[in-house]
Amino acid sequence: MTTQTPTAIPDVQNSADSRQLAINKVGIKSIRHPIKVMDKNGGVQHTIAMFNMYVGLPHNFKGTHMSRFVEILNSHEREISVESFEPMLREMVHKLEAETGHVEMTFPYFINKAAPVSGVQSLMDYEVTFIGEIREGGVYEFTMKIVVPVTSLCPCSKKISEYGAHNQRSHVTVTTTTNDHLWIEELVQLVEGQASCELYGLLKRPDEKYVTERAYDNPKFVEDMVRDVAGCLNREPRIDAYVVESENFESIHNHSAYALIEHDKRAQ
Amino acid sequence: MTTQTPTAIPDVQNSADSRQLAINKVGIKSIRHPIKVMDKNGGVQHTIAMFNMYVGLPHNFKGTHMSRFVEILNSHEREISVESFEPMLREMVHKLEAETGHVEMTFPYFINKAAPVSGVQSLMDYEVTFIGEIREGGVYEFTMKIVVPVTSLCPCSKKISEYGAHNQRSHVTVTTTTNDHLWIEELVQLVEGQASCELYGLLKRPDEKYVTERAYDNPKFVEDMVRDVAGCLNREPRIDAYVVESENFESIHNHSAYALIEHDKRAQ
Amino acid sequence: MTTQTPTAIPDVQNSADSRQLAINKVGIKSIRHPIKVMDKNGGVQHTIAMFNMYVGLPHNFKGTHMSRFVEILNSHEREISVESFEPMLREMVHKLEAETGHVEMTFPYFINKAAPVSGVQSLMDYEVTFIGEIREGGVYEFTMKIVVPVTSLCPCSKKISEYGAHNQRSHVTVTTTTNDHLWIEELVQLVEGQASCELYGLLKRPDEKYVTERAYDNPKFVEDMVRDVAGCLNREPRIDAYVVESENFESIHNHSAYALIEHDKRAQ
Amino acid sequence: MTTQTPTAIPDVQNSADSRQLAINKVGIKSIRHPIKVMDKNGGVQHTIAMFNMYVGLPHNFKGTHMSRFVEILNSHEREISVESFEPMLREMVHKLEAETGHVEMTFPYFINKAAPVSGVQSLMDYEVTFIGEIREGGVYEFTMKIVVPVTSLCPCSKKISEYGAHNQRSHVTVTTTTNDHLWIEELVQLVEGQASCELYGLLKRPDEKYVTERAYDNPKFVEDMVRDVAGCLNREPRIDAYVVESENFESIHNHSAYALIEHDKRAQ
């Protein structure tokens, strides 16, 4: 799978195709590359991303040029932000001589958090995905997906038990299509504010007392979690559409409790 | 997370909710259960499935009853076929007092294959997912997804090299919404017929010679693979809509080549 | 990679090798096959196993015959028990003309459990691995590994907080080399008896009250968990050597707490 | 799970234990943290590591202090090299008041490679693990593990077929205990030199012709691969002991071919 070169080596991909079948997405999948992401404090975070990069292929072309996708990644050291993501997509679509394009970039992102009582600082990691799409006619759409790990504490267990309540780690995943800039840190904070309690890398004993009592004071079903996050997303004007999911890795079962709300404000 | 019981223990899930937010899907995720699947030869295959089971929850209910999903799985030994999948969904929606429901069931499925020259028999495993959905108004839709591992051999590599051609294992994934019965075996055969060569569990030397030469005689780009499968799916009247994907785990790179075609015949 | 056949096709694997390097393990990895496992109640459980099958290869042989491993799996429908595992290994070592051999077989195994108060029954799944080894001189050793998911509740969190205590799902993994027959069910019960509380597929509200209070009454650090299981394994004469690990998927952090004890009684 | 603090909050972990059972390893598992790794060219590479950090716990202590492990990671921005790994372990053992310790740190590492004909440059990613161990008496041992993806081409398939030969991506994993400094780049190069062909991120058509023909000219069984790497490792005096594994993701089967050689030069 190679690019065109000005030699006598035949260029099979560039030949015509008669099957009358356009391809929605074609490109490279699961390629790792180092990136730099701008954070809310004005700094730059070095991390490692997994990329999927695709273009649409009209019915009359036999193949795309796979190596051009890799050239784009390697052409210069990537300093990536929500703003620079669109130019990268437009460059890809142009170089691949395509009309439509789609890039997904998944990376661990770190936020420095202070423990709630002692104030000791530590990093928490979140899995973030940037998804950019150029549609027919050149319209660009940006979607940000974040997996936010939190504590959930079961209201039923608390209510029916004389003491204690089962709780567990949960993954709240928000996928938001935005019409204006939204920081990773803003979306994380929005989600963590709705959980029974947020997570920390480092907790000293007074902090552990705090998070234990905070979760007990703030029980949430998986249904409550997605509803309370959806309420916040509904009130945020920079978000056009969203999916919010919560998966609770139940501490009393070997399976998860799960809920999902999806909403497109533009559909109304 | 429990069912209603006629005791004095409070039923928190059953209380009213005032947030005015309906939940699209709520239920249990990633629960493993043994099942029996009917095969094309009239036999029954024992296997192990991973289930996701969800219902829609109207805005005025606080929570669903998680334990009822598990009760359905455990209520009787499940002999599951494409036909019995719809009754299971309708039972779930009824027991959960819901209007809409969604079940995904993923399992390894085995097909006994004869090697192409020696005829020696062995099992090949495929990952199959049954997806059933009951929409508002009670309309039922069935989708079958199969991951078919095959050999792909690169036409460009063959054309430009004096000898040899890079080849590799690929995953062709077909997701088909059907209007009539389609066997797993039929869909697997449809895909394998379009690959550079199909895979086998057991090959003797004359078979290995055959599959090597067969793949070399039959080179396919990732684009060819999805187009040739799409052509077959277009001609199959039992299929209403489909997505076909191919991921080639390139033997010359540390990333994949990927292509996708999706088509809904009903949209025209 | 094929077997010997009485044809003119050359047999590359069977040629001599001059590098003077014996190979400890060579064979096939990650092949799925359906199996039947005998359970403690005299029944037979159908499940799906992932196999790794290796033999030792003396320095003077160029290659092993990969297809013979697959032939062994496909030769007859496998009804596998701890007892039938040794004959399967001896057959493999014999067919491959080897002196030493190693088989790992990992499968989901289900135990029907009654909820602690209501008595409602449901299946719980456990990941089990059988490991058989034939050493030089023909000595056979059998090792059974089970991952048992349980609830752990933190003693520190309970002690320092006015109410509540963080708890989570944990995986307790026991790897035991045995000198006499031990049922999967026996080892699972031994581990579950030491947890803050055991898990169930299905719990009604009185059961949920029970498991919540039981875990709160029975807090365990990850250190307590491995020590208390190790104490039981020390008292079980059918076990010659063991490793016990516990990984707690902390509900207040995004990482795990972990502990491990290993002990070989024969070393003393 | 917290550190000692000079308050009235009880310190449960610090209490005495009477079970007479020492714990081989206790600590934190699967915590992600950004690191900087020194590369062979004198530069520094930013990457993301997954850490497991454990100490030994004597029989008379109830628990370790989990938060101190996290403090070590967060105490200063980590610039990690083979040389700085030992001081980090000694700091951990000291802060945890332990005698023995064990750290595993797994991260993606990138090497800039030039394509074999065109010379175009691109990054290739490798999964590297540093493993450090402090034994009783304070002896330190360092082990480096690298997964090197390569192309393997089957000698049997080439020999018996009139044209073509099946080939595929393989993972060669080397785990080396060293007595002197060895760069990641050196070990990668040693392995890649023994493969049918090495992999590249970016290949133009003349490069693709080269790698196709190179692999065909250089067929290797999984047995050859581990033997040829073992031969190189035997000749490298900085390596005291090693395990070399190769897993070929066979393009003609749905399972892998696998081989392993392990050797400790000090045992002789």
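Per-chain numbering from 1; labels A, B, C and D assigned in written order.
Operating definition for what follows: a residue touches a chain if its C-beta (ideal position, glycine included) is under 8 Å from a C-beta of that chain, and two chains touch if they have at least 3 such contacts.
All figures in this text were calculated on a predicted structure; none of them were measured in a lab.
K.L.:
Measuring centre to centre with C-alpha atoms, which chain is farthest from chain C?
P.N.:
The chain farthest from chain C, judged by C-alpha centres, is A.
K.L.:
Just the number, please: Cα centre separation of chain B and chain D in whole Å.
P.N.:
The answer is 35 Å.
K.L.:
Using the average of all C-alpha atoms in each chain as its centre, how far is it in Å between chain B and chain C?
P.N.:
Distance between chain centres, rounded to whole Å: 28 Å.
K.L.:
Two-or-more-chain contact residues of chain D, please, as numbers and ranges.
P.N.:
1-2, 9, 31-32, 70, 125, 156, 160, 201, 203, 205, 208-209, 250, 253-255 - these are the residues of chain D that touch more than one other chain.
K.L.:
Which word fits the touch map of the chains here: line, ring, star, complete or other?
P.N.:
Its topology is that of a complete graph.
K.L.:
Residues of chain B touching chain D in their complex?
P.N.:
Going by the criterion above, the answer is residues 124-125, 149, 151, 153, 156-157, 160-169, 197, 199-201, 203, 205, 208-209, 211-213, 215-216, 249-255.
K.L.:
Would you tell me which residues of chain C are touching chain B in their complex?
P.N.:
On the chain C side, the touching residues are 1-5, 7, 9, 11, 31-34, 45-48, 67, 70-71, 73-74, 108, 110, 118, 120-123, 125, 201-209.
K.L.:
Spell out the part of chain B that touches chain A in their complex, as residue ranges.
P.N.:
Touch residues, chain B against chain A: 1-2, 9-10, 12-13, 17, 19, 21-32, 52, 54, 57, 62-64, 66, 70, 154-156, 159-160, 221-224, 226-228, 230-231, 247, 250, 253-262.
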